[in-house]
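Below: a set of structures, written as structure tokens.
Consider the two complexes below, in which subunit A is the common component and subunit B and subunit C are the respective partners.
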Partner chain A sequence: MNSVKSIVERMDNDELIRLARQLDVSLTDRKVKRNLLVETIQGELEEHYREGIPWKKTRLNDLAIQINDLTKKFGKTVAVRGLNLAVRPGQIVGLVGPNGAGKTTTLRILAGIIRPTEGSVLVNGFDMNAHPLKAKQRLGYIPERPTCYPNLKVREYLTFIAKIYRVPPIDATLRMKEYVDLFQLNGLLDAYIGTLSKGNLQRTLLVGIFVKPPPHILALDEPIYGLDPRGAWSLKVHLKKLRDEGSAILVSTHILEVAEDLCDRFVIMNEGDVVGKGTLEELHDQTPNAHTIEEIFLELTGGIPEA
Partner chain B sequence: MLARVGEKLRSFWPVQLFKAIILVFIPYSIQFGVWSTGFVVVDLGSMFWSLHYPAGTLLVSLTSMNPWTAAANLLVVAGPSLYFCYRLRVMSAEESPSRLAAATMVVSLICLVLVSYSYWFVPGGWASDSVYWQSLQGFVTVLLVLFVFIPTLQRVSSQRLPRRLTRSNKHIRDRLYLKIAGFAPRHVSKLMVLAALILPYGVGLFADTYTFILSFSSPLVGFASVSYQILYLARTPDKPSSIVLFFQLGSMAAGFFMLSVLGLQVLFAHEILRYLEDRVTKKRVTLIGLTLLVSLVLIGALTGVGVNLGLFNNAFIPFPVSVLIGLWLIQRKDQLLLEGEMELTTPELPTLYEQEVSIPIIYVLESRLKKWFRRYIS
Partner chain C sequence: MTANTFSLLVNEIRMLFNHLKRTITTPSMLLFYTIMLVGTYLVSSVIAILGSYEPLFVSVTTVIEATTDRGMIMSALGLVSLTAVVGGYLGRGPSAELTETDEYIMMPVPARPYQLFLAKYMRRILRKLGFAFLALLVVLPLIASSNLLLIPLGSLIVCFIIFMEVNYFLGGISFQIRSRLDKRFKTPLRHSILLFIALAVYIPTLPEATANPIFSLLIPSNAFAYIVMEMVGILAYGSGPLIGVICLCLGYPIAFLAVANLVDQDYYERFALKTSNGGKESRISRMIRGEIDFSESRYNDPLMWVFLKDFWSKMRKPLQFWKYLYFFIGMTIALYLNIVRPVWLPPFIIPSELNYAAVPAFLLVLVLVTQMASVNALLSFVDEKENIYLLKSSPFKASDIVLAKYFLSLVEVTLTAAPIVGFLAYFMRVEGSFYLLTLVAPLVLIFSATGVMVGAYVPVFTNELSDPPVPLAFGFPAINIGFGVLLMAIVAMYAENMQLVQVMPAFVVVVVLGLLALATNALRSYK
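Let's turn to the complex of A and B:
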């Protein structure tokens, strides 16, 4: 509740009025002292969340992401071959591999954008082919090349996403404020998405998926790429926090430092095949000659090139 | 004995009544003119006496109204303002007196209308002296300005003051004012209020009384201010030019029109000063200035239409000097900022915690309606 109260304190006057309206706070005077308004809203929120903050009670399926014998062929080219992968709540799994390894294809299948040739993908227990809406409702996906509605303003997009995910308006307002502050989007809320830089678009999409209450099941394709150091740091810290709170996260990256810093387990892919799997220690055991994650990666994906 | 009397005099009601009584004897209708025939006319009018000085003959007279009726009139028209003073005194420092002030103004207007029309039915109440009625209207206007308008403005502005300026910040503010306007802040604020009171807000055009044709070539042109009017009669072949000066708070309608113009002008002056101290945005000041201009233009246009319809014989073109001075001050500050001669030296901005939030009017109305429904329907 204290975190909710501090979000209210940080809100600007327009946001306070919007929240007051959602809480149906009676304001019969044209001018109200800000501190009084903040205290009134905090009191109303305390009443609103009397029985606890609802999303804190939600639990995920034991296998939040489950990929079974996944194969994807584009004509004669095999992009992914027989992939088996599971992400449990409280885990960040890194999908690591060189360009063309099949990481993005895997995440696109997981997000339901393309269908697999063979195998199945389950999100929170729902098969993406059989129950795509239920599966997609639980999944947050950031594509490698972020695209979005260029004619929507950032604020409109975030409100739209909150409605799509059926987030109650009060929760949506509070969560939007929290993540807009975290990813420093305050000055861009009224900007059109079409005018945003790649980094700012990435931030907007990230706020969009975090507007939905946790626990999350996330599929993030190169999420750090395009973010400035502060944004990257905020994202890493936040992903670890989400993991600790019970979210399941699958991150695809070829930046090994990011993977090492962020992930608990790794799946290393090369040319569509899984060439290594496990924690960093398990990977060390598989490649006794390698000392760093870079060497492990190179060893598993074709050997360390000679100088 | 004397000390006890002094103590009683210092208490609230005697002081307020004493002020009101002084106002009764001050002349509100002051006319000074050099007419085309060559003689000087001076007219002074108070609630209880009038002075007429036409062509070297001094006539002083007391009001022809029954003194009891006059006193009753006085009590009726002064009552709302005195009651407001009392309520303001007992009101807590956080409460806003604006709504009560607006209600007092409306009630005073109604009382004045009632008194103005009821004299026909009061024995001995009829007064042939039109100066008396003008004075009564002037009395109400002055009463409202001194007892309602200015105390409300003081209370509201003191509520909005973020906090006392520290010595160092006061020094910064003084330098800022000197640089922009060439005066110390206390002088700038006084000059701005004086400008609002004295400087003209419009140029009057007077139509021919018989043809109601309005034009610049009309022989009578004048400046209109909140506190006086100057009329200039142009020289024509059959009569010399002359100037007539009215220190008159005018008719009832004009009095309230002047109050609204005065209110906006003082508000604009106040916001200009806050802008110079970086406490409000330029957008806000410009919007208030524009509101003042637009309202003057609208009223000017209405009087023009009135002249064409034969309803009035004069109209005015807006010429608000105080707005021009305000705009000059804004431009001067911007120029100094641009030239880098002045840095933004915000004395002390109110913290987020101390700010006031303006609630949208629709929301306020919705809340009041819901409250009303909850109270009376459910």
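Let's turn to the complex of A and C:
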């Protein structure tokens, strides 16, 4: 509850009035003192969340992401071959591999954009093919190349996402404020998305994901793309926090430092095949000649080039 | 828990509204819009002054009534539906409306495919109505000069839009039929269903099937043909267009709901394959492109290099093959018609007393045909998308890049325009049409330069490089029609004077060089 109170304290006047309206706080006076309004809203929120913050009670299925014998072919090209992968709540799994390894295809199948040629994908216990809507309910996806509707303002996009996922308006307002602050989008809420830089676009997409209440099942394709060091650091810290709170995260990247810093387990892919799997220690055992994650990666994906 | 369809619809409308708001609050965009609207209006007024088209319409009515019958008109419009069905089956159907942003934002959210389809469709139809309204507005002088009534004409345009939308849905239905067959059967024989679908759409439009007018109106293309005949007064039954309008308007929601019900995951899949490895090229495209590596070219001139890069890049698109095929078949037929002059396909002979209206009308058609063909020139820069910055940062002179784009555009525009001009030469004979046809050359030269210039300005106006802003896209035909009218005026002014052979080339050279200089300037001013 304290975190909710501090979010309210950070809100500007317009945001406070919007939240007050959502909470049905009476605003009959022409002028109202900010401190008084903050206190009133905090009191109302305490009442609103009397039985606890609802999303804190939600738990994910024990196998949040379950990919079984996944094969995807485009014509005669095999993009992914026989992939098996499981991500449990409280885990960050890194999908690592060179360009064209099949990472993005795997994430697109996981997000329900394309269907597998063979095999199945279960998200939160629901088959993506048979029950796509239930499977997508907890899923957050960041594409490899961030893109969004250029003619929407950042605030409109975030509100739209909240409506799509049916996040209650009060929760949406509070969460939006929390993550807009975290990813430093405050000055850009009324900017058109088409005018944003790549980094700010990536931040907007990330806030769009976090507007939904946790626990999350995240499929992130190069999430650090375009972020400055501060943004990248905030994201990594937040992803670890989410993991500790019970979210399940699958991160695709070929920035090995990010993978090493963030992930508990790794799946290394090369030309559609899984060539290595496990924790960093287990991968070390598989490749005794390799000393660093970079060397492990090179060893498993075609050998370390001679200097 | 699924997303609310209403939220999706509101979002699409909001994006349209924001787009409009951004346009009218950006001075450069607003200026371009104003030029486009006022310019087209003025051009439309000038064309209207050049000739009163009412007698021409009367003459055309007589010719059409003498050479054709109702059944033939219905069959001809039936071909439009047939093409839509075949196109939908072979193409991407409604998924062609989706964008990369939809893939990343909307496809992973818990919304059903039909909800996204409804939202996208709402946006499509609103945009179409907006464009139709603008088009009607700027051709008001022409309408007035033809003594056409605005409300019936507006109704006819709305009926035309409905008819084309029904065809779009028919294409969507055949797309879904193919998707379902592809899931169940692997044998190539499954595609024989296309023949049955095509026959099912086309047979009801044949004269034998349209003998009973009331029954035949249940078919949308027949209903639209009926509306056109009743409204225009050619081969009219005399019972008014209302029954046709009712039938067409009944067909529209039926076809719409049918597609909305059929739309499933394949709607996403077909679009997503476009951006997937191996899904990009058709077999026929791979066959015709061979293994040519144009970087091995012996030409070292940057202009030639950009030219070859564009040529082979285009060749790797399936459409390009069909364009060349169209050129060869189209030219063969056009040459056959003009040389053999078959008696079974007579041209429209316009009486000489109507020449005062027929000649401007002929020139107008010439300008419009060349304008349509010159869209290729506009795309020469637009097709580069983000690569335009790579090109710009390469060690080439901006003028070389512009010239390379211009020369390839000339080839492309000529390929597209030549067969149509050949048909025009045969079918629309007015006094001096042979000489007037030579105007195609300066028109192609100028319009290609305009296209290159407007395309070069896209990155100056927007970050969405693959999607030219509406005022630019609309400004392109407006500028071209303006130049076309200017060219006509020069021809009219010097018609009896040998100075024309000096004035005309000088005018063309000055305009083309001016436009290419503007394009070079645009390339230099990218942010």
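Methods note: the second predicted complex is superposed on the first by the 307 of 307 C-alpha atoms of A that agree within 3 Å, B and C clash if a C-alpha of one lies under 4 Å from a C-alpha of the other, contacts with A are read in each partner's own complex, and residues count from 1 in each chain.
Rule of thumb we're sticking to: a residue touches a chain if its C-beta (ideal position, glycine included) is under 8 Å from a C-beta of that chain, and two chains touch if they have at least 3 such contacts.
These numbers come from a predicted model, not from an experiment.
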Partner chain(s) touched by A:L189 [first = subunit B, second = subunit C, both, neither]: neither
Which superposed partner A:L16 touches (first subunit B, second subunit C, both, neither): first
First (subunit B), second (subunit C), both or neither touched by A:L37: first
Which superposed partner A:F74 touches (first subunit B, second subunit C, both, neither): second
Touching partner for A:K153 - first (subunit B), second (subunit C), both, neither: second
Contacting residues of subunit B [partner subunit A, same complex]: 96, 352-361, 363-364, 367-368, 370-371
Residues on subunit A engaged by subunit C in the complex (per definition of touch): 74-77, 79, 100, 105, 108, 111-115, 132-134, 136-137, 139, 141, 143, 145-153, 156, 160-161, 163-166, 192, 194-195, 219
List of subunit C residues in touch with subunit A within their complex: 1-4, 7-8, 11, 14-16, 18-19, 22, 100-101, 103-105, 107-112, 265, 268-269, 272-273, 276-279, 462-464
Touch list for subunit A against partner subunit B, complex: 13, 16-17, 20-21, 26-35, 37
